[in-house]
Structure formats: structure tokens, C-alpha cells
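So, here come the structures, one by one.
What follows is a pair of complexes built around chain A, which joins chain B in one and chain C in the other.
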Partner chain A sequence: MELKLVKVTKSFNQKKAVNNVSFQLGKGVHGLLGANGSGKTTLMRLIVGILQADQGIVKADGKNILKNYDTYTGKLGYMPQHFGYYPNYTVEDFLEYMAVVKDLSLKYSKKRIDFLLKKLNLEDQRKKKMKQLSGGMLRRVGIAQALLNEPEILLLDEPTAGLDPKERIAFRHLIASLAGQCCIILSTHIVSDIESIADDVLVMKDGKIILHDTCEALLEHMQGKVWEVQADQGIYKQLLRDFTIINMHKSADHYLVRIVSDVQPSENAKLLPPDLDDLYMYYFKDA
Partner chain B sequence: MKRLIKTELKKLFSSKLNCALILMILVLPWHYAYDENYGDIRLSMDTDMASMEGSQLEILKAIDEQMHAYAGIMDEAWLQKYQEDGRKSIQWTADDLADEYNKNLYGENWKAFCQRAAAGELTEQEMKQYVDSGNYHYVQEENHYYFKVYPKDLSCWVVANSVYQMNQYALNDLYYFAEDHIAPVSYETESQAMLTRLANHQVFATELIDDKTKNWEIAEIMEKAQGPYYFDSTYPNDRLERAITNSFNFFTLLMLAYIFSAMFSAEHQSKMNQLILSSKNASSIYTAKLLTGLLIAIALSVISIAGIFLMSYLFLPVRDFGLKGVVSWLNSYQTHYLFSYGTTILLEIVTIIMDYCFVVFLTMGLSYWTKNNLMTFASMLMIIVLPLFYSDPYRMHMLFRFMPGETIAGTNVAKNMTDLFAAGNRLWFIIPLVWMIYIFICIGISYGIYNQVKKHLI
Partner chain C sequence: MNKEHQLSEIFEICGQELDEVMDKYESRHIKNIWRFLKLDMRFYLKSAVLGLGFTMLWCCLFTNAVLSVWSGYFIFLVLLSAYQQYRIKEYDMQEVVAGCYINPARIFCYQSIALALIETFMLVLCYLFLLALTPVELPEFLLKIYIPLCFSQGLLLWLVKYIRHTLVAMGTAAGSYALTIWLANCSQWVLAYTHSICVFVSFIYLLALAKILMSQKEGLWN
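This part shows the complex of A and B:
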């Protein structure tokens, strides 16, 4: 399924949360990167259709989603940033309920729930009440419900919040395995979530998509902007004041500082190959 | 849709508090109905020194049997027989009186004391002594004092009183006129002239029975029936009608409001609405919620009412719903119609079901639009309870009287309507009109919610 946004704008109290956004996405993993408050969640809700754009259209396979909503939602999987659930339901009850809401047949949903619980390593939690689950388990249940209907468009809003490193790795594997089957939009402000799995990245800032390209192309764009400087304490303090520091390593008598800057920060600064963290800090240094 | 409704029911019943409240909604009307109408209520007759008791239900059954003996077309022959039996039934003598109770009141020689008092032979000193002891239950004609006395068999007296005076609720006291003439005095007919006749032994029973039959309900029934009127005991009908009317009150409505206050707001508060609205069945699930509300409202009201019918069947079965009667709640409203008990009970049942549905839909509507269950319940509390305490008769009171807290007592809607329009003969239009208004509001709420949900917007 192909997703297309044409000049989509949405304002709240005269502030444009999403400003004239246009893009087109096909199958694969698409990272939506942006700081908190950049408009990612609003954009996701516009794509889901639970918010109506003030201007512009969201199209799926060339059709306005709002005019064809029942068909569209049948192919949609959505995990919101603040994932809601019924605390007294067991994991199984909850997934069964979501299967009913998604209009899946009883026979199919039973099979699918079994499959997803196994795949997301939730089999042992099947009879546990939702309120007894840890944050990471809840996110996994959230992902399971989004995948119930084998979606062609999968929207995951901050899916890794609350996951431990092991769970993050498992999550990335899962997403990577789905990439060939559907269009996945993964909204996050955590660069590592998308670095290794995203086919392309949309960088969102102040309601606008400021960059949209493959990771490689974006990093190409950052060439010549990432520096490493060896500095004593005095110079380090000056660098801290004047530049965006990505990280710093302190040894016995000096500091090794990674800086993102359009200009060479000092004479002894050496150019380094950029990564997505550098790109994020370059664009969101004020966020 | 069946599956969706099932999931909604499951959601409602997943809360233990909801289950408890639903059980209470069912049981409370049964409790009231049993406790006040069919249970083993002791009918007591308080005296100054002691009390006499009997089982109300047993007495009612006896009254019903005796009344049923007169089943037939109510014509002059019927009336004559009824009056003759009535006269006989209240011819009591001193032997029918309870020795122990009367001794407590009037001393060891109570018969002689009462006899002398009736004959006007008591000295002033004796009367003063009696009054000083704190007892003053007597009627006086010049120097004749007729003292209140108590029968041996209370049940027998209650039955006679109820059957032949058509009044099961106000028991007339017995007075000692002579050893072979112990008779009741009706306070409605008490006057010096009547007392003279009462003391005269012969005319009393005829006077009283004639008074009761010609001027009161039987006369009214005969006049309104406009044709042959079939008489039978209406005690079981009356009891069932009262049980249905009095067993439902605002408590059950409040419990319903509590249960449904979270119907929609819970989805918002738990943030489930994002998932539901972005799903294929979004509109259907909201429709299912409305249907679940309707289903529960109807089921609870019907089961509660069915329980009361079962009680009636077990304890005091109704023989004929087609019997007509001047229903208690219409007595003072001069209705031109003589409703059958079947019609009256049906009006009440439909009104109660409407009330349940109205409260549930109003609660669900508020739950959807306020997105807050506490605010919803608080609003419903105001809507249901406030009208019961508001007494300004000229302004909001008129509106308040048609609010669910008032109309849940089945026939209140009819009472309120007749009060407002002072015309019982418009009841046929007015009661369904209130139902129509309730239905219209329910449909409006459903349409409003459905229309919003259809847009799938949070």
C-alpha cells in the first residue's frame, strides 16, 4: 500500500502542529525522527484519520482515507504513543477484544493471537491482567494488537518507550521482519531505534518535514560537520559554550570531544564520519 | 453486532462493583415488594395497654376469598345481597370481645362498666377516674358513653371491615353500645345525628353500609362503568399494582447512572478511544455500547417486574387483569375513565421501562460528551435527586415532576399530568406523550453519538 500526504496542515490554537507536510511512502520502514513537541504524534494521528487536517489530504493507494475509511482501517495497524488498555482484562481478553473491534473472525483471531503472543514472547503473560504487566510488556501487547489484522500500513508512535535494551533489539528484529510486507512508519526521538532498520528517515521539526531521505543520503548531507577535538579543561569549557557537543570522553590530562558544527571548531579538530545522532543533534540542538 | 454487544457486556461485568450494583438493582424492587406487600407482615392494632396482631397476608387471602364469593355482574340484586351480608357481618356481641385486653382498659368488670356507661349510668366520679387514668377512647351522646372495645379475633374483624366497607387500609374501631350491639363508628360519618341512630341499635348497620356502598367506590364504579360491571375481588390486583408502583425508586436509577457513567468516558480516560476509533468497527462498537445500555435497561426493569409478578403469583394470585377498578392513584383526580387493572399495570410497567432506558441513555450521552465519569455521575445525581427536593410549585417544579426520579414511581407521571392539566380523560394522550418525549431524547442522544463517531475523530 502506498501512503501519500499532500500539503497537510493541522493547527491547535493557531499554532501549526503540522505545517504543509507532503510525502509519499511505500513498503518498508520509515523513521519519523523529531524532538518532543515537533508534531510527530499529530502527524501520526492525521495519518490514522482520528484527527482531521485543516488543509491537505491523506491518501492511501490514491484514495482519500477519510472517504474510504472502513477499507483503510481494515489495512491499518496503529500503536499510539500513550497506549490505552482495560486494566482488568487479561492479555488474551484484550487482544480478543481488539480482534472484535477490528472485525476479525473468531477463528482467524484465535490463530493470530496465538501466533503473535509466541512471536512477541508473551505466551507466559497470556492470562496475566493488563494492570500487572511491566512497561515493556505493555508495549509488546500494544504492538501485538497493531499487528492483529496483518496491516498494510503500520503506524508505531514511540514504540520503544519503556523497553529495556534486550527488548529493543527484539523489537527491531520484529520490525525488520515485517518491512517487506507493509509500510511501517516508526515515530521516535530515539535515533538508535531507526538507525539500523529504517529504509528512509523523515526529520520533523516545528511541524515541518525538514529532511526526507535514506539514512545514507542524510549522513552524506552531514559530511564535513562532525569533528573530534582534543582539549584541556579551559578549551573544553569554551567549546561547551560555543558548539553542540555530541559526547565527551575524559582521560587523565585531556578531553576528547565530539562536536557537530558547520565550521571547524578549533585548529586541531579532525573530521569524523557522521552518524544519525550527529544529524539529530545538528537539527535539534535547541530542542 | 452480537459479538460486539457480548464484549461490551463482558466489559461491564468485569467490574465487581458493577456486578454488585446490577444485583442490587434487581433485588431492591423485590425486597420492597415483598417487604411491603407479600411478606409476613404482622398487622397490629395498637391499644393503650396492649397490641393485637395478625398476619396481613393471611388476612388479605381471607378478604380476597370472601370478596371472590361475590363474583358476578354488579346489579341491584348483587347490591342487596352484599348489603344484607354486610349488616350481618358487623352484628357483634360482647361475647365476641377479647376479655384480657378489655380488662386491662376498663377493669375486672369491664362488661358491666361499658354497659353502665352506654346506658348513661356512670357517675361523674367514675368517669373522672377513667379519664384521669389517661384513657379517653369513647364517643359521647349526652350522658351516654360508648367505649372503644377490642375483638377476640382481629382477623375476622379486619375481613368484615374490609369486605363490607371496601376499605382495607383504615380499620374502624369497635364501640360498646350494648351487650348484643358492638358496632363500629366511622369517623367520616360521625355526627350527633348519626350517634343518636347508632345508639338506637337498629339503623346503624344499614346506614353505614348504605353510606359506604352508595356514596363511595361501588357507586363510583357503577356510574363510570356505563353498562354491566363485573365484580370480583380486586385485592390481588390492587396489591400487585401497589407493589409495582411503590417498589421502584430513585436509588435504582442512581445505581444505573453509576454503572453507565463510565460507558464512554472510560474509553477516553483509558485512551482506548484512539485504538477503537482507528479500527474498522468503530461505529459499530459505539452502536453496540448504546444497544448494550438499552438491553441492560430493558432486561433489568423487565426482570425486576417479572419477579414482582412471580411474587404475586405465589402469594396472592391475580384472577383477572380485566377487572376494572378505581385505582388508588386516580381517586382524587376525577378521571372519566374506569381503567382495568391490566391497563393500569401496563401503563406503569412501560413507564418504569421507559425511565430505566431514559436514565441509561442520558447517562451514556453525558459520559460521551463530558468524557468524565465523575462529572457524568454528578450531573445524573442532580437530574435524578434534585427534583425530589425542589418544592417551588410555580417554576422549575413543573418540569422537575416529569424527571425520571419522580416518574420512576410508575404512576407518578400520570399523577403529575393530571395535576398539571387537571383532566384525567386526557391520560391516554398524556402518558404516551411523556414516553414519546423520553424516546425522542434517547434517539437524539444515540444519533448525536453515532454522528460524531462516524467521523472517527478523537
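This part shows the complex of A and C:
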């Protein structure tokens, strides 16, 4: 399925949360990267159809999603940032409830729930109540409900919030395994979530998509902007004041500082290969 | 020949696709709505049946206050229905079901119909029980039980979208029920007037519902 946004704008109280956004996405993993408040969740809700755009159209396979909404929802999987659930339902009951609201048949939903519980390592939790699950397990249930109808468009809003590193890696593997089957939009402000799995990245700032390209091409933009400087305490304090520091390592008598800057920060500064963290800090240093 | 072969292949692929869709989605919507209500309203149903058992027991124990006991049971039902219609907000489920076929608007619609049917059934049951136990006059029954129920449910249906807390939802339901009981004791004319407004609002609500169902029929799956 092909998803296309044409000049989509959405305002709240005169403030444009999404401002004239246009892009076209096909199958694969697409990272939506932006600071908190940059408009990612509003954009996701516009794509889901929960919000209606003030201007512009969201199209799926060339058709306005709002004109054929029931058909569109059958092809959609959505995991919101704040994932609500009924605490007294068991995992199995909750997934069955979600299958019913997605209009899935009994036979199909039973088969699919069994499959997803196995795939997401939730089989042992199937009879547990939702209120007894840990944050990571709840996220997995959230992903399972989004995948119930084998969606062609999968929208995941901050899916790794609250996950430990091991769960994060497992989540990345899962998303990578789904990449060939559907169009996945993964909204996050955590760079490492998308660095290794996204086919392309959309960078959102102040409601606008400021960059849209593959990770490699985006990093190409950053060539010559990432520096490493060895500094004593005095110079370090000056660097801290004048430049955007990505990280710092302190050893016995000096500091090793990673800086993102258009100009060489000091004479002894060495150029480094950039990563997405550098790109994020370059664009969101004020956020 | 080649063209015919290609056409038959296309028909076969279309047939397979149709079979998959038929297998995946529920073709009978009533069946799906029934599954939904069984899952969504089981707490309400269990509590309503349990409450009914207790009410009948109390009626046998306190034979001189049968009408009050039943009136109390219907207040309990109204509170339960307030909770039922509010809990999707309480647990933040609106967002996660918003992108589904049975979205919050349809949930509200199906729940309202189911609650009305259950309450009507309980009302008939109550009247038959009262008739069997003690001679009760229909006007008194309508004034003390039926009209307060209609009024409080109607008010709740209208107000629930503005309510942001479970206690307020239940308080509104109980308060409106108590108000109608009080009105019943004050003036039957005021009550008749209130009831006619309820009937009128219900009529408008049903018309709106019919319109929604018609538009759903036009835009049904594929």
C-alpha cells in the first residue's frame, strides 16, 4: 500500500502543529524523528484519521482515507503513544476485544492471536491480567493488537518508551521482520530505535518535515560537521559555552569531547564520521 | 485462447482474494456486535443479574416496601450503565480503538441500544414480579420506576460526552434519578411534562440513529 500526504496542515489555537506536510511512502520502515512537541503525534493521528486536516489530503492507494474510512481501517494497525487498556482483562481477552472492534471473524482472530502471542513471546502471559504486566510486556501487547489484522500500514507512536535495552533489541528485530510486508511508520525521538532498521527517515521540526532521505544520505549531509577535541578544563568550559556537545569523556588530565559544528571548533579538532545522534543534535540543539 | 486463459487466471486470483477477505472479516455484523457486547458488557451483565437476585430476595423479605426495593435496583442499574458508558474514557481506550471499525462512536451507539434493551427487559420482569407479589397500579409503577429510569438515562446519554470523571458520571445518573422521584412526589404534571420531553428527545435520537445506520449501510465494507 502506498501512503501519500498532500500539503497537510493542522492547527490548534492558531498554532500549526502540522504545517504543509507532503510525502509519499511505500513498503518498508520509515522513521519519523523529532523532538517532543514537534508535531509527530498529530501527524500520526492525521494518518490514522482520528484528526481531520484543516487543509490537504491523506491518501492511501490514491484514495482519500476519510471517504473510504471503513475499508482503510481494515488495513491499518495503530499503536498510540499512550496505550490504554482495561486492567481486569486478561491478555487473551484484550486481544480478542481488539479483534472484535477490528471486525475480524472469530476463526481468524483465534488463529491470529495464537500466532502473535507465540511470535511476541507472550504465550506464558496469555491468562495474566493486563494490570499485572510489566511496561515491556504491555508494549508487546500493544504491538500485538496493532498487528491483529495483518495491516498494510502500521503506525507506531513512541513504541519503545519504557522498554529496557534487551526489549528494545527484540522490538527492532520484530519490526525489521515486518518491513517487507507493510508500510511501517515509527515515530520516535530515540535515534537508536530507527538507526539500524529504517529504510528512510523523516525529520520533523516545528510541524514541518525538514529532511526526508535514507539514513546514509542524511549522514552524508553531516560529513565535515562532527569533531573530536582533546581539551583541558578551561578549554572544555569554553567549548561547552560555544558549541553543541554530543558527549564527553573525562580521563585523568583531559577531556575528550565530541562536538557538532559547521566550523572547526579548535586547531587540534579531528573530523569524525557522523551518526544519527549527531544529526539529531545538529537540528534539535535548541529543542 | 491466451486471453481466455489470462482471464480465468484473473478470476481465480480474485476468487482467492475474496475467500481470504471472507475468512478474515466478519460478514454478519449482528454476530460481531453480539461478540463485542458480550466482551464489553460482561461486568454490567454479571452485576445486573446479581443485583436482580438480591432485589428478589429483599422483595420476599420486605413485602411492604417492594416498590422501593425495585426502585433501588433501577438506581443501581442506572449507576452501572453510567460506568459502562464512561469507562472507555476512564481507561484511555478511545485512542486505541479510534482507528478500528467499531470506533468510539459505534461503541456508544451499540452500548446505548443494549442498555435500553436490558433495562426494558428488567422493567417488564419487575412489573410481572410486582403483579405476582402484590397488586400494584400501573400509573404508580410508571411514576416511581419507568419515568425516573427514562429521564436519568436520557440525561446521561446527553451529558456523558462532557463528563470527565467516573464519580461525576455516576453522580449525574443517581442525581437525575433522585430528582425525578422527587418530582413524582411533588407534581405529576411536572413529571408528565418532563417525560414528554424525554420521549421527544428519544424520538430525535432514534431518527439520528436510523440516519447513521443508513449511512453505514451505504458505506459498508467493500
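Simple rule for what comes next: the second predicted complex is superposed on the first by the 287 of 287 C-alpha atoms of A that agree within 3 Å, B and C clash if a C-alpha of one lies under 4 Å from a C-alpha of the other, contacts with A are read in each partner's own complex, and residues count from 1 in each chain.
Criterion: a contact is a pair of C-beta atoms (placed from the backbone, for glycine too) under 8 Å apart; a residue touches a chain by one contact, two chains touch by 3 or more.
Note that this is a predicted model, so its numbers are computed, not measured.
For the composite obtained by superposing both complexes on chain A, the positions of chain B and chain C are in clash. In the superposition on chain A, contact of A:186 is made with neither chain B nor chain C. Of the two partner chains placed around the shared chain by superposition, chain C is the only one that A:107 touches, whereas chain B remains out of contact. In the superposed model, A:52 makes contact with chain B only, not with chain C. Judged by the touch definition given at the top, the superposed model places A:83 against both chain B and chain C.
By the touch criterion defined above, A:74 lies against chain B and chain C together after alignment on the C-alpha atoms of chain A. In the superposed model, A:8 lies in contact with neither chain B nor chain C. Within the superposed three-chain model, A:198 lies out of touch with both chain B and chain C [touch as defined at top]. The contact surfaces that chain B and chain C form on chain A in the two complexes overlap at residues 48-50, 69-70, 73-74, 76, 78, 80, 82-88, 93, 96-98, 100-103, 106, 145, 149. By the touch rule above, chain A contacts chain C in their complex via residues 48-50, 68-71, 73-74, 76, 78-80, 82-88, 93, 96-98, 100-108, 142, 145, 149-150.
The touching residues of chain C, counted against chain A in their complex, run 23-27, 32, 35-36, 39-40, 43, 87, 91-103, 107, 219-222. Partner chain A is touched in their complex by these residues of chain B: 3-4, 7, 10-11, 14-15, 267, 270-282, 284-285, 455-458.
Only residues 45, 48-52, 66, 69-70, 73-74, 76, 78, 80, 82-89, 93, 96-98, 100-103, 106, 145, 149 of chain A touch chain B when the two sit together in their complex.
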